[in-house]
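Two complexes come next, and they have one chain in common, chain A, joined by chain B in the first and chain C in the second.
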Partner chain A sequence: MRKIEVVQGILDANDATAEGNRATFDANGCLAVNIMASPGAGKTSFILRTIEGLSRDTRIAVIEGDMASTVDAEKVQGAASAVVQINTKGMPESCALVADMVHVALSRLPLDQLDVVLIENVGNLLCPAEFNLGEHLRIVVSSTPEGDDKPIKYPLIFADADAVVINKSDLLPYVDFDMDRFTQEVRNLNPRVRFFPLSCKTGEGVAEWVAWLHDQRPSG
Partner chain B sequence: MRKIEVVQGILDANDATAEGNRATFDANGCLAVNIMASPGAGKTSFILRTIEGLSRDTRIAVIEGDMASTVDAEKVQGAASAVVQINTKGMPESCALVADMVHVALSRLPLDQLDVVLIENVGNLLCPAEFNLGEHLRIVVSSTPEGDDKPIKYPLIFADADAVVINKSDLLPYVDFDMDRFTQEVRNLNPRVRFFPLSCKTGEGVAEWVAWLHDQRPSG
Partner chain C sequence: MHEYGITESLLHIVEEKAKEAGATRVATIRVVVGALTGFVPDCIQFYYETMSKGTVAEGAALEFEELPVTLRCRKCAEVFVPESRVWVCPKCDSTEVDIEGGRELYIKEMEVS
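And then the complex of A and B:
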């Protein structure tokens, strides 16, 4: 007797599409990175620093997810090999990128000529945690002015992260942020996670992140 | 012929419950304030400053919305007349407070002994914009490290706000935030909005906000 597959609601359907995206990335030897953060944590500056760090021997595309506007796509346009903007406003699930949106974006990208696809999710620590896009790596960008209690209040997104970037380290003298408390709270949820404290403004700490990401590519 | 009411999906059902909440607030002479912001913009510190500023002649309760934890409720417990924590984790709509959750919280509050109910929404600039809770005032708390482009990227939440608080004014010397650009972008979406730049850390600007809020009470 053949097994009957039942698609149970939106998250199962999303997982099926995500699996297809993942197969497409793999077939093209592309590393796909889902970058998630609060509004204003510095995702776009982080993407620009990442492209700058990797780009000598790496061809990079960016998929920009925003509720509205193309401001982020315009910022990365000059740096990346290719950019696709997704505006989620008015879509049935407007609170995060979903696998279907990424599936459409992939059809607009020259995947066989790319090594890395950076996916900038919408600014939100809640909904993006629920939607698999077919990525290989899930990165959370936190920032020091947001405070060190975010892992306690938004546990899901930290529990599934491969790496947590702690941006705006240059503001540490001016804000209340206990680095040890923050990293310990994340480790309680996710013992295998990697941390990268850095400043996209000054560039401090970016090299360590870029070196690690470079090593995650299928080719090493 | 009687009109047949059709509840069209989740947002209509939410509006109906919100209307009930509003009637309950009004019957008790309570001003209800929905406070929305990114994670880490400083909602809880803002609530503490607001209670401190108002409390001489105002009885205040707080409804705390968080995906998980009671850290915010613990912070305000000593200051407010009453506190109810709502944890949205595992609820069907986990990305924002919805009117049903507030309806349940209201049953736990001594409304006839209160003047103001402050509702701290979950940290999110997207989903809270979609859900009316029955509040009288919608307040967005932005913060200077988030950057001045948030109104362009999250227009819905700014378009419906009665007031926009610009928190962390003490960090202005250390971050790239153009106050004129920010306020102009918000005014493009919402010409009638009020702005309150302030610092919950130093207290600068808090008095102006508190005076305005005091005037919004039904008793004046």
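And then the complex of A and C:
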């Protein structure tokens, strides 16, 4: 019996594929945005609002990740320049997108004709945090009815976010969501994060988010 | 929930390393898992038993070493293991912290023959 030192990360293969995806996005001048949230936080409505806000001068594609169905892809079909649906059911990971799935999706997108790729991750606050997809921005969409304790329960996803969107701001008068507590909890983990309270239903606050996202594009 | 793919990657690395070492049997695999990751060792074990059948690593014992969350205070640079889910520096009471450890997921070593 002998011992072999290994010290090799189990996610190294995923990270290498993610690096490749990142290089592909960069070569085509595309901004890649990984959108993560719980089920029902409003990811798809948020994507529709984002496309609506950006689209005058921006060509946008959406990669939809879901356990099953093409419901979300159908919703964004008319709005985006291109949509690719990935159903994760039956795949090695069904709870999150992994870099390889995005790699496959990229081969089905006209990247040279796109400015922004929005990646809608599988609804889940735990697993998507672990997998790098090669994105430029990691966005967490939280919503007021979910409660203000999510950053305490799922620290990793908030610690790595570039921006946190607080959706369903129109429901603030009806739910017990302490905005100051929530933003403080996230800042404790991540002092550089940006917050965008907004309502995809009323459109309130969407303009601020869209303006920020627009400024993140390689061309500015 | 995402242990299936993790186990697959793990087995892939183990088989590769065993081959490099010219081993015919893997007895033990030591895996380091950070407390912040959502990985459940029992779940990796469950998939491992099925997946490793017929490989050089069939029947190997998986040993997990869990590393705690360690934080670094941004104010006073104290490195500490938080006592609760509320992350507060024990030295200066600041809640502004950076994650130092707890995200790990790697194979540390293997015993082969």
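A few notes on this one:
In this text, the second predicted complex is superposed on the first by the 210 of 220 C-alpha atoms of A that agree within 3 Å, B and C clash if a C-alpha of one lies under 4 Å from a C-alpha of the other, contacts with A are read in each partner's own complex, and residues count from 1 in each chain.
Convention: contacts are C-beta pairs under 8 Å (C-beta built on N, C-alpha and C of every residue); 3 or more make two chains touch, one makes a residue touch a chain.
This is a predicted model, so every value here is computed, not measured.
When the two structures are aligned on the shared chain, A:Gly78 is found in touch with neither chain B nor chain C. Once the two complexes are laid over each other on the shared chain, residue contacts for A:Ser143 go to chain B alone; chain C is not touched.
When both complexes are overlaid on chain A, the residue A:Val98 reaches chain C alone and has no touch with chain B. Looking at the shared chain after the overlay, A:Val175 reaches chain B, while chain C stays out of its contact range. In the overlay built on the shared chain, the residue A:Leu126 is in contact with chain B and with chain C. Legend: residue contacts after superposition of the two complexes on their common chain; A:Pro155 is shown touching both chain B and chain C. Under the contact criterion defined above, the residues of chain A that touch both chain B in one complex and chain C in the other are 94-95, 124, 126-127, 152-153, 155-156.
Listing the residues of chain A that touch chain C in their complex gives 1-14, 92-96, 98, 124, 126-127, 129-131, 152-153, 155-156, 159, 184, 187-189, 191. Residue ranges of chain B in contact with chain A, taken from their complex: 38-40, 66-69, 71-72, 89, 94-95, 122-127, 143, 145-147, 149-150, 152-156, 168, 170-171, 174-175. Listed in rising order, the residues of chain C touching chain A in the complex are 1-2, 4-6, 8-10, 12-13, 17, 21, 23, 27, 31, 36-38, 74, 85-87, 95-97, 99, 103, 105-113.
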